[in-house]
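The same chain A turns up in both complexes below, where it pairs with chain B and then with chain C.
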Partner chain A sequence: MKDIMAGRVKNTSVSRKRLRRLSKNITPYLLMSPTIILIFIFLLIPLGFAVYCSLYRCDYMQFTKFVGLNNYTDVLGDPEILMSFARTFFVSGISLVIALIAGVIVALWIHTASKRFAYALQIITLIPWVTSMVVAAMLWKWILQDEIGLLNYFLAEIGLPKVGFLTNKNIAIYTLIFVMTWRVIGYVMVQILAGLKAIPYEYEEAALIDGASGWDLFWRVRLPLVKTPLAISATIVGLSNINNLNVPLTLLAGGPGTSTMVTAIKVYRMSFTSYHFGEASALSIIMCLINFILVIFYVKEVKYEFKNA
Partner chain B sequence: MNLRTHKRALRGILVFIVFIIVLTINLVPFLWGASTSLKTARELMIYPPKFINFTMSWEHYITVLKGSFSQAAVNSIIYSIVSVVLGLICAILSGYAFARYAFKGKKTLFYLILSGIPLAMGSAAMVVPNYMLFSVLGMNNRWFTLPLIYAAYNVPMAVWIMTGGVLSVPYAIEEAAQIDGSSKWYIIFCLVPRMCLPTLACAALMIFIGAWNEYTVSSVLVNTQKLYPIQVSIYNYIGYFGREWGPLTAAATLAVIPILIVFTFLGKLLISGLTAGAIKE
Partner chain C sequence: MKKTMSLVLALVLVLCVITGCTPVTTQQTPSNQQQTQSSNEGKSVENVKLRMWTFLDLSSENARAKVLGKLIDSFEAENPGVEIIVETQEWSTMSAKVIAGHTAGSCPDIFMINMANLGEAIASGCMEPLENLFYNNWTDKQKADIDSELFRAGFDGKYHYEVPLFSGTFGIMYRADLFEEHGIKVEDIKTWDDLVEVAKKLTYVNKDGLQVWGYGVGYSTDVTDPHGVLPTVLFSQEGSIFTKDGRPNNWAGEQGQKGLQFQIDLIDKHKVMPPSCVALTSEEVYNMFEAGQFAMISGGSIRMPTVKSLTAFDPDYVEFMAYPEWNAGQGSSIANAYAWNTAVWSGSKHKDIAGKFLEYLVSPAADKMWVTEANQIPILASTLEANKDFINTPDNRWMITAQNIMKSSALVFSGQYSITGFALDLQNAMIYAYSDGMSVKDALEKAAQDFINRNVDR
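Right after this comes the complex of A and B.
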């Protein structure tokens, strides 16, 4: 009896050990599975399906004919779409450059300020980034109205002529750039500020002892050391601007004429106004490829290291 | 000495002026929107506009709240809570796996999730793919689709934040708990989260903001009023009310309030959440 008991105990302990080893091998994958499933279902499989759809004629969600790469050549041969790409890059690029310069300047300025003041300023400049784009664009639209807008009222007060911020073909695109830049400056600033704070004080002290001027300190010490946050915020802001549908749609909806028709609106209209889903998926895939280039840049910049693994 | 105090005063004034400019540019749309929403319909169109001496009225808020807006607000609250809970569960599990285990394919998985952070931001490129797959699967106009999408879009960032959080918890504490006989589930879902509560809150905040503000995908995946989230409802108001800026600004103000409340109380967490990707500790 005792032997049998002992045997059984021994037996179970062995199998339990094996089970534990097995579970130890599986555990991390089990832990990862919910996240991976979510990402696959909502990001990767849709992209794969879109690649499939982009090879078909698919108006009104009816797959009618296999057309190979025709959708792609159609999309890339359409001068209106090429123009929308040019507009998108123009708007995103200018907005990015202004946001980076302004963000760095404001960050350098806040860096020297007292802690509480810096915190208040950070919070205030971040408000545009965290409020919804639909709401923000709508409120700007109200301020920029031709006749009863707040800004035109002030312009008239100081004796300037009224400006058709939303109705003038040549000005509307700059209005769009302004609102998009307004949204992202705070984000850039916070990233750069965090980078500046992470610079060890000894570096700056050493530079100052060596007789560096404030200008030198910025170009030779601070700027190289905030290169990573600068690059990362540039990537995120660039991506966010290129893919921004809400602001252009709410603020100007592509108009007046097609003067602010960016690619994001084009995709949206192509699929949900004219229901050409085949071509719309081809255009989406092209946009995704542009995104991927930026994503790769982002991943490279983040330079993750497995410390405790 | 005198010169120096002069210089300091001058600098103080300059700082003050820049501060006022930054303040105005950042806040003017919200302040002007809020003040517009409190005016009567007649005073709203008056030119020159009134700044302070208008009669306050809540009529636009009443109009908005009587309409479909309240339903949309409730929907958005439910969607956000579901996606925060779901996203946090995923983030805690994955963060724990990344921080505590060495396994095959870890690097690949990590890069996959890392690239998901900016990929989810590319919502204009994702809207058609998401729409097509989910309408083929018959998942549009379902109550669960939007929270799942919100969770999926924001989970990469949350995982990234939580991995750092779990790494900050000393392993010795876990060992001690294990010796005391606590189960792995207890450690993952109670002990570790409690030890890195600020990080957890930060991840929750990022998911909440992402879910509350999402418009693009929601606008195509749901087309019954009963299921509209708040952003879609506001956008539709632009078509519905046209140039009636009273109800529009009232709705906008109501939609911004939760974010502003979160902001004033949890600003520090938000900043740490936003900078999580950029700064190597």
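Right after this comes the complex of A and C.
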């Protein structure tokens, strides 16, 4: 009898242990499941559908013919689309470099400035980042217009000739770079400033005691220690610029001519002007793959941060 | 202090989120409450909700929107249990959304399609034949009353698919006050060269220091209309922009090249248009005309009431004229006539009621309201006759001009083939030649090929 009871107790405690182990294994997944479901519904399913669309002739969402990889070859064989890729990388790259340099400078300025001035400067720098992209692009469009723009008005008032910021094809692309850079400097500043604040003061103090100049302090102490936030900012800003549709479309709509026709506008026009969803999906998937490469870089940098934390 | 500030900021944020979350712009007419009441009072109730897509915003002060609102109210009062829900859409994308929606199986019961997408819409099967709704019940007199080129544009040889609301044509909007000031008479503008000379006189800096340009057209490819010299030249000289099988009709021929070169010369050689025109949308051109920066613009007659209501100068001075002749003695250049083709969705679950409402929108009583309260060109011939006194007034002179243009020198596209995006391609020809530096011939050939790639070889 005692043995039987002991056996029952043993079985109950074993099953309780199993249940506890199961619960421990499943609980994290249950907690993550809402997010996973949302990612599945709003990211993976649409992505899968886009891949499916890209394999068909799909005008006005009518799947008329399976074309396999023809949409991809058509898109990659179109010189205009290849030029749009070149423009996208040119605009994104230059905007990124300027934004990083400007962001670092502003972050350093805020880091060393008095409290009130630093606070004011942070707000001013962040305003472009928090302003809606379309609103910001519309404002700049009105400021830079040839006939009724504020900037050309002031230029005319001081006797200078008007500049075709939006109508001269050699200048328009730099106008686009300017507006895109203006928008992201705030984000870079915040990331770098956080990195600077995280540097223990003892490091800087030790460097100063050892006779380091201002430049040495920046180049040998601060910059190496903000390398990771800098790399992460570069990745995020790069992704943001490459995929940005709102600013180029609102500001210039790809013009004048095709001088600012970036890939995002091409995808938009293919989808919502021509309603050729097959080709548009193919081009979107190609853009997605390019983004994926940048994301791999980003994830590696974040892992580096965690490993070395 | 910090806690208080944080609390205040959090409250502000919550308020912003609440007020920012505005509902979808679906508008229910005020009579809905009455309808619910009356339906609860024991009358026969169908409880039918019809969705209608239009670019009109019933909450705005726009005259057409107000008339539509009144017509919906009276239809709902006459048909208890029926509720019409208007969903305002962006006009430039609405037509394509309807076609895509039909393919996806979800479309409003009543919608409007523009002329450029009519062929595509008919081919997609999204429009219910009017013969299945009310047309077969009409008398011959009623059928003759609505008959017009615009109505026939939606006829595929067997069925009619649409009723043409808000018809109009493209031409030149101009400021009669500036004409008077500079001693210019409209009758003296016979050819495009005459127009250039007039535009030169009207290009100046006014006493307020504002640069006024003689002529304005927007060539941006963002929002496009078939404006400019090129479409009218192709219409006039080649007979039509398209061949019978829907291909570009000799766009890169001699006349097309002359037309495109003329457009470029208006900016570079004659300097009557600002170089920024290549980046202006048609909406921006209307806004600049309203602000007094253009003396003449290429525009649609349908915009006359709206433009008149927004001018910075006396609206009575806004007039409308036909495009001049390309060759002397040939007659005015042909313009594109258009309408918003209103139809019932072929997949609607309430086709009968939707058809009844569609018929109501083009009834003589409704047509009179469109004309007298919204300044629209009459849909029915009988309305024109019955409201002659109203139309023959100085304020509404432009309606007579537009009607005459539509009768004598406007072209309606056939709904038998797809012409989606042709205006974009013709604008692109200007962009390729003026901004990208292509030769005029190459620019036109590329534009024609773009059209073929998108519409024909699919």
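Here is the rule we go by: the second predicted complex is superposed on the first by the 278 of 309 C-alpha atoms of A that agree within 3 Å, B and C clash if a C-alpha of one lies under 4 Å from a C-alpha of the other, contacts with A are read in each partner's own complex, and residues count from 1 in each chain.
We take it that a residue touches a chain if its C-beta (ideal position, glycine included) is under 8 Å from a C-beta of that chain, and two chains touch if they have at least 3 such contacts.
The shown structure was predicted, so the numbers you read here are calculated from the model rather than taken from an experiment.
Using the contact criterion defined above for the overlaid structures, shared-chain residue A:L217 touches neither chain B nor chain C, since it reaches no partner. In the superposition on chain A, contact of A:L155 is made with neither chain B nor chain C. Within the superposed three-chain arrangement, the count of touched residues of chain A is higher for B, of the candidates chain B and chain C. Touch criterion not met for A:L208: it reaches neither chain B nor chain C. By the touch criterion defined above, A:M83 reaches neither chain B nor chain C.
In the superposed model, A:N243 makes contact with chain B only, not with chain C. Contact with chain C, but none with chain B, is seen for A:G164 once the two complexes are overlaid on the shared chain. Of the two partner chains placed around the shared chain by superposition, neither chain B nor chain C is touched by A:I199.
Shared-chain residue A:F272: touches chain B and chain C both. Touch criterion met: A:Y298 reaches chain B, while chain C stays clear of it. Residues 61, 147-148, 272 of chain A contact both chain B in one complex and chain C in the other. Interface of chain C with chain A (complex): residues 93, 96, 99-100, 103-104, 120, 124, 211, 220-222, 274-276, 278-279, 288, 291, 293, 420-421, 424, 431-432, 434-436, 454, 458.
Within the complex formed with chain B, the residues of chain A that make contact are 25, 27-29, 31-32, 34-36, 38-39, 41-43, 45-47, 49-50, 53, 61, 106, 109, 113, 119, 121-136, 138-140, 142-143, 147-148, 150, 153, 182, 186-187, 190-191, 194-195, 198, 228-229, 232-233, 235-236, 239-240, 242-246, 250, 263-264, 267-268, 271-272, 277, 280-281, 283-284, 287-288, 290-291, 294-296, 298-299, 302-309.
Partner chain A is touched in their complex by these residues of chain B: 15, 18-19, 22-23, 25-30, 32-33, 36, 45, 47-49, 89-91, 93-94, 96-103, 106-107, 109-136, 148-149, 151-153, 155-156, 159, 167, 171, 184, 188, 209, 212-213, 215-216, 220, 231, 234-235, 238, 245, 248-249, 252, 255-256, 259-260, 263-264, 267-268, 270-271, 274-275, 277-280. The touching residues of chain A, counted against chain C in their complex, run 57, 59-62, 145-148, 164, 166-167, 169, 249, 252-259, 272-276.
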